[in-house]
């Protein structure tokens, strides 16, 4: 039995549909790699040519794909204004509107399509589990984000007062202090900005002790919520009741 | 039915009370942003003018709010000396006492008020859960902090002995070693101070292996305590019995 | 009763077999240390001599061990093409094929043998537990890796757009942005490359908030999965059913 | 009723014993602070004098304490060669043997005494819980440490091959690579040594993905083990059976 066009394009759980989906996703990745390579400085002109062909080819296929989805859709307007419909359009539009301009980075949105492949097999379960866990831990996560934001602001103001006089260039304002607080509380520590006064260093120490405690919390929350989500899953409770 | 003044100012769980609360909180954030901008160097005079108006406006509103709360309070003295009463006073006092001096950073204390909005809806539950978890994990957390403090001191003394001779400027004293230990054990690693001798590097390795183990513990403790707190919550046990 | 050769070489759970295994493992570690020392610059010629003797000695023993295993094996070909058979061969082959060339680093593969000793005693249980946990958390881990890869790519493209103009040397291409994204999202933060524009710094902040959430997930997953694996272990369920 | 000397010195769970214990611990901390200050460069001579007096005073008290414990001990030799007996002796010996030499850092060992105070009240429970958790997770932790050691070595050798040619000074040997691996896998990232070749950076990326997974495991193990230890605690099972 020949597969219908609808089956190929819209049903990623059939054999032909899955093949179509994977082919499109490979093209997306190819297009992203080509886009990344194009940003490299000192590219030989020949390479640029090849990348341009890849660009024309991928956009061509994406345009055909978009038209196919549009033709097949039962209600045209609901497809055009659906989330994936808009994503698909944004991914090809720049090529036709500003042919010379390099706006292919919009195609990054198409990466969202990669989630489709995850939907196949049994990944519905993993996504559902995360959804449940999020519902369970929602309140704690919001509370935690609020505490983190307040801590970040207080750290920024504090370090500004401690370091502004000693390093007027680096800690020029509270916003500079905020950049320091982001790099420090996430423990990235680039080393472009750090306290040199005794007061600033003791302050850093105190901020880090509290800050690491705050950072350690989400891991615990996620573990706890996922563990509970799994139990509820086993008991067969519907998702909406999970937060009760 | 017209809402009474008392309802608006003191009852954040009514419609008008909540609107009042949110308005005050938006003003707090506005005031903090204005304060942060003012620390920026090379501000055009016109900008300074605008920021000064924002300052006068917000302090004006906060003063009215303070007086309203004072008028409404059943027992004046207990409001004035309550935690939030003092916070509210500290947030406006500097403006009247030292009009020229820039002490608006005191307003950071008002951020504590942001917790009020969290209290609304169902956030009581999240706070109660954290409270329970803290009660459950209290002993372990104190033990952990004691171990961390001892480890930090031993690391400071150790690195001082290993690196003092090779880098007499950077590792000038045990306190300099302590700054290194803070930046290293929290894995921030600014890169302003690090061992260069073989002994110091092997010592760093050993300290980090033990130190990361110590840092990994609180996440586990929080996860375990929160998970247990949730169970107790479900069983309806009162908070005070949680630690038994 | 004299132990047979087969017992000594192939049965690490007997007294003689274990002694043989430990001896070989000590030689592996010795060989690796010797290899590492040889990479040190400015080695005195005498030291080089000694290291060469160690090399000849260890390769000699490893060759004898390989021949012993080959002789003892019931089916020669299945030993030669088995995983450990190939590892053993690769560890000695370079010495005979390119005597002058220093390819002893291949011996690192022999480290895989160290797992054998772990298998003794009761370590079967720990490995089985990890195996179970992996089966349980497989879907979530794959989903997580896909999300991490997408986040990494988007961060690379984003920082390239924000910083390319300000730092054309450091953020020369999307691939340079990817190196930054790796160092930042893992919180290593070497400090060789970091944003200096306001937009780039705010972008870094947002990427880190999402990124640390993504990094905090696997710890939770592993904890949850290990905890469940242990329960299943206790109930005596076979490993293959664990993921159901 | 007058407390006996034995009660004061050896029974930290009585009122007088606890007061004695706390006094000694305050002296230990005082002695450590004084020792740290003495390492500061450019100290005024007067300060040095004061620190010397603090030194004589604290060593004097520690000597009296040691003699008291010796006198009170039922079996002298078993006290002298006990763990705390040796620690107490090491803490005062240097002062008498090398009066001029500054060996007060030995007193850091006395920090171990701080654990005594933790034993009071109900901390026995926290320590017992950790003990149980360690017994439960022992096998997994050993397996994890072995995997971490192998990963560290392979990362060191790998980065040496990738970066040695490009940075012969920084990646001079496998041991230099090991220092890089320590700073990178713990995510400290001082920034004194990092890959600059494309191969080295891709290798760093792969090592970090695997390495962070390995680092995320202990947190999960501790959480899982502590959670189980608590359950066993509640059921009243003896510690020795916990690992079964």
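When the chains are written out, they are named A, B, C and D in that same order, and each has its own residue count from 1.
Keep in mind that, in the parts below, contacts are C-beta pairs under 8 Å (C-beta built on N, C-alpha and C of every residue); 3 or more make two chains touch, one makes a residue touch a chain.
Everything quoted here is computed from the prediction, not taken from an experiment.
A.B. asks: To the nearest 5 degrees, please report the angle of the rotation taking subunit A's Cα atoms onto subunit B.
C.D. replies: 90
A.B. asks: Of the pairs A-D, B-C or B-D, which has an interface that repeats that of C-D (more than half of the contact pairs shared)?
C.D. replies: B-D
A.B. asks: When A-C is set beside B-C, which has more C-beta pairs in contact?
C.D. replies: More C-beta contacts join the chains of A-C.
A.B. asks: Using the average of all C-alpha atoms in each chain as its centre, how far is it in Å between subunit A and subunit C?
C.D. replies: Roughly 29 Å, centre to centre.
A.B. asks: Hey, how far is the Cα centre of subunit B from the one of subunit C, in Å?
C.D. replies: Here subunit B and subunit C have centroids separated by 41 Å.
A.B. asks: Where in subunit B do residues touch two or more other chains at once?
C.D. replies: 175, 187-191, 219-221, 223-224, 227 - these are the residues of subunit B that touch more than one other chain.
A.B. asks: Please name which positions on subunit D make contact with subunit B in the complex.
C.D. replies: Residues of subunit D touching subunit B: 32, 35-36, 39-41, 105, 108, 111, 114-115, 118, 122-123, 125-127, 129-130, 175, 179, 182-183, 186-192, 215, 218-227, 230.
A.B. asks: Under the stated contact criterion, what part of subunit D meets subunit C in this complex?
C.D. replies: Interface residues on the subunit D side: 139-140, 142-143, 146, 150, 153-154, 156-157, 160-161, 164, 168, 172-175, 178, 184, 187-191, 194, 198, 201, 204-205, 208, 212-213, 216-217, 219-221, 223-224, 227-228.
A.B. asks: Hey, which residues of subunit B end up touching subunit C in the complex?
C.D. replies: Against subunit C, the touching part of subunit B is residues 187, 189-191, 219-220, 223.
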